[in-house]
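There are structures below to look over.
Each of the next two complexes has chain A plus one more chain, namely chain B in the first and chain C in the second.
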Partner chain A sequence: MIEIIQTGPFNTVQDLGRTGFRNIGVTTSGAMDPLALKVGNSLLGNETGAAVLEIQTYPFKLRFAKQTSFVVTGADCGASLDGRMVQPWCALPIEAGQVLELGQPRVGTRAYICIAGGIDVAAVMGSRSTSLRGAFGGSDGRFLSTGDVLKLGEVSTALNFPATGLAVIDPAYALAYVYPANEDGVLLVRAIPAGEHALFGADAERFWMQTWKISTQSDRTGYRLMGEPIKPTTPVEMRSHGVVSGVVQVPPSGEPIIQMADANTAGGYPKIAGVIEADLWRLGQARIGSRLRFVRATHAQAASVEKAVAAFIDDVRSTSRMVCDALQAMK
Partner chain B sequence: MSASVVKITQPVEALALGRNGVRVSPIGSRAFLLEATGEFDLASQRRIWALSRAVELWSETLEIVPGMTNLLVVLKMTPEDPELLALRLLDAWEQAESIDLAGRTIEITVTYGGEHATDLAALCDRSGLSDREVIRIHYEGTYRVFALGSAPGFGYLHGLDPRIYMPRKTVPSLNMARGCVTIGGMQTGVAVLTGPNGWNSIGFAELQMFDPMSATPAVMAPGDTVRFVPASIEL
Partner chain C sequence: MTKPDFSDPAIIERLTAALEAAGVDGIEITRPGQSLLIRLSSSAKGPARQVRSGKTDAVDAVAIVKAPMAGEFWLSDLSRTGTPAASTARDAIGFLRVGPILLPVSAGPSRRLGRHLVEPGTIVGFGDPIAEVETEA
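Let's look at the complex of A and B:
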């Protein structure tokens, strides 16, 4: 078990989301940085999609009630264990009673506390993620609050991490070869033109050329962007249709909205583009007030990035077990 | 890793394949939207239902989301060749025979008028009808669930009498109650969540539309027939 000692609002239990219910209007939810979740779980020997804590407001503090192992992935928030520094992306064994504390992030925005066995809240409609909109899943369908006690899942074959920890290279570096580097602090987000792209005429080019700022009206549901408005050349009346996270819609104001993990399941605004799946985690770590630019991509490019990411996660899983077994054998 | 992955600035044209008033376009890397751009009617929707059944069986399909005369297909993985996928979808549409789903009939008891009917007066102004007439036209209608979406268990109901069509509000109500019976454009429905809502409320229903703990969480399913039964009319 773990006990939440201190938390701000908006911190939730998340896994990879509630797939398969968009057709009845249920948001997928799931981690805003699914890569951090997958890497954390793979390092610990958990199922890739095991439930973790997604922390986006700080400080955050929890106490472990039993001996286990954990890793903090995603944002680097100067974590400490009983007051001693803990490296991000580094799995550590832990004794009962130890206290983990996360401060304001230095890099990124969302940290993932992954624990061996995963967070064992009840699965609702096939997922443990919190559906804030529907108020179910996770910890009673709501944010974590001080005093919450959460169970941990059973661990069948525990990995024995060395006391000094076992770290994985931050995917931002390990996968740098498949991700474009920031330009002057501007995040480059790859996207594919969507259905109404052509209707924006000359404004479509301005969509790709300009730098957009992530406004304060941004959360797990979507990011509202600020910049020079773009408008379709003629008004468009759309019939409601299903959407997925990453869709870039343009409401009448002309300032685009990127739907994120808690995306609405249906939409009717014209769509100018859709962010490729493999780039969504970078948006999940982007700060409010930071800038981004969209870069046109193809499906073939998206598919090869996806493969590189999947191979990295597989590598983390097999290497972690191999190293832990070898260290155990040397004892 | 091949060099092509790193070379990310090569421009590509929007992929939007069309054929006989039907088009397919991508949303991001893994989702494709097929839209039948013809009539917004039951005949088009029956073909969408048939297409949904066919595409659901494809091995690469993760999820299907039928919309209003359209279908979103979410794939398990990003396809290398999106055009091939789009063409397969267009072929499937051409082969899709119209099917009628043998749905249930759902009766929804409504309190028309009263404190929740915040937009009834505006609807009377627009239609030139009295409040009683608007309400009578609404409960005398027989509706079909075209699709679910937007919020858990929310059904888009088709079959509204054109005399009481009412466009969505440009400025949504900030806190419309769950249960409000609403009209949005050519459609009607029952709000399933309390919150911002752009549809026009004319009454209130107690029926719980969604229960995440149930084996079938949504009360409505595409193809169901819905009738509204007036419990009381408060004017």
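Let's look at the complex of A and C:
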């Protein structure tokens, strides 16, 4: 078990989300940075989609009630264990009673605390993710609060991590060959033109060319962008239709909205683009007020990046176990 | 093989004789725990000797950290922050990279890095010396 000692609002239990129910209005939810979740779980030997804690307000503090192992992935938030600094992306064995503390992120925005066995809250509609809008899943369908006690799942074949820990190379470094580097601090996000792209005429090009700023009206549901508005060549009235995370809609104000993990299940704004799935984690770590630019991509490119990311996660899982086993054999 | 005791007068005498016979001016031998210095110089009164032999504190002060397994040696954790290695073991002296995995290598309790014995990017095998570490005062 773990006990939450200190937390701000908006920190929740998340897994990879609740798929298959958007047709009845149930949003997917899930981690805003699914790559951090997958890599953390793979390093620990958990199921790839095991439930973790998504931390987006700090400071955050918890106490482990039993001996286990954990890793903090995603944002580098100067984590410490009993006051000793913890390296980001490094799995460590811990004893009962030890206290993990996360401070303000130095890089990124959302940290993921992954624990061996995963967070064992009840699955609702096949997922342990917190649905804040529906007020179900996770820890009673709400944010974590001080005093919460959460159970941990059973570990079938635990990895024996060395006392110094076992780290994974930061995916931002390891996968740099498939992700475009920031340009002058501007995050490059790849997207594919969507259904109503052509309706924007010349403004469609401005959508791709200009730098957008993530406004304060942004959360797990969506990021509202600020910039020079873009408008359809003629006013458009559309029926509501299904949307998914990554869809970029343009409301009448002309400033786009990117649907994120808690995306609405339907909407009537014209869709100008769809962010490729493999780039969504980078948006999940983007700060309010930071700038981004959309880069036009193809389906083939999107598939290629997904393949590289999947191979990296598989490599983390197999190599982590191999190294732990080798160290045990050489003792 | 038994290591010679450089504080043994008989060994010092034999080494000195060998140096004189070879026409060598001197020798300095240092190893963990012992050091020996023999200097020979000629003068009008005949050959002079300067001998300094003794056990040092080095055996306690300096130790070698060996690779706990094979891997590629790195100084930092290759993170996006670019900060120096800062594992939970504050005494981390580097990392062994195996594919996407990094194994922090520790200096050991109450020890700090003296110097690295391998360059970053070097492939090391199990047991290869990685660094000299010193006992913290």
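In the analysis below, the second predicted complex is superposed on the first by the 331 of 331 C-alpha atoms of A that agree within 3 Å, B and C clash if a C-alpha of one lies under 4 Å from a C-alpha of the other, contacts with A are read in each partner's own complex, and residues count from 1 in each chain.
Simple rule for what comes next: a residue touches a chain if its C-beta (ideal position, glycine included) is under 8 Å from a C-beta of that chain, and two chains touch if they have at least 3 such contacts.
All values derive from a computational prediction rather than experimental measurement.
Clash-free side-by-side placement of chain B and chain C is the outcome of superposition onto chain A.
In the superposition on chain A, A:173 makes contact with chain C only, not with chain B.
More residues of chain A lie in contact with B than with the other chain of the pair chain B and chain C. Looking at the shared chain after the overlay, A:302 reaches chain B, while chain C stays out of its contact range.
Touch criterion met: A:247 reaches chain B, while chain C stays clear of it.
In the overlay built on the shared chain, the residue A:192 is in contact with chain B alone; chain C does not reach it. By the document's definition of touching, of the two partners only chain B reaches A:271; chain C does not. Looking at the shared chain after the overlay, A:115 reaches neither chain B nor chain C.
Within the superposed three-chain model, A:81 lies in touch with chain C and out of touch with chain B [touch as defined at top]. Draw one line from the C-alpha centre of chain A to that of chain B and another to that of chain C; the angle between them is 170°, to the nearest 10. Minimum Cα separation between chain B and chain C in the superposed model: 16 Å.
If you check the complex, the residues on chain A that touch chain B are 19-27, 124-125, 131, 133-134, 136-137, 177-178, 180, 188, 190-195, 197-198, 239-244, 246-247, 252, 264-266, 271, 274-278, 295-306, 308.
Touching chain A in their complex are the following residues of chain B: 1-2, 4-6, 8-16, 23, 25-31, 33, 35, 40, 62-72, 74, 77-82, 147-154, 156, 170, 192-193, 210, 212-213, 217-218. Residues 43, 76, 81, 84-90, 92, 106-107, 162-170, 172-174, 312, 315-316, 319-320, 322-323, 326-327, 330 of chain A are the ones touching chain C in the complex. The residues of chain C lying in touch with chain A in their complex are 68-69, 77-81, 85-90, 92, 95, 97-106, 126.
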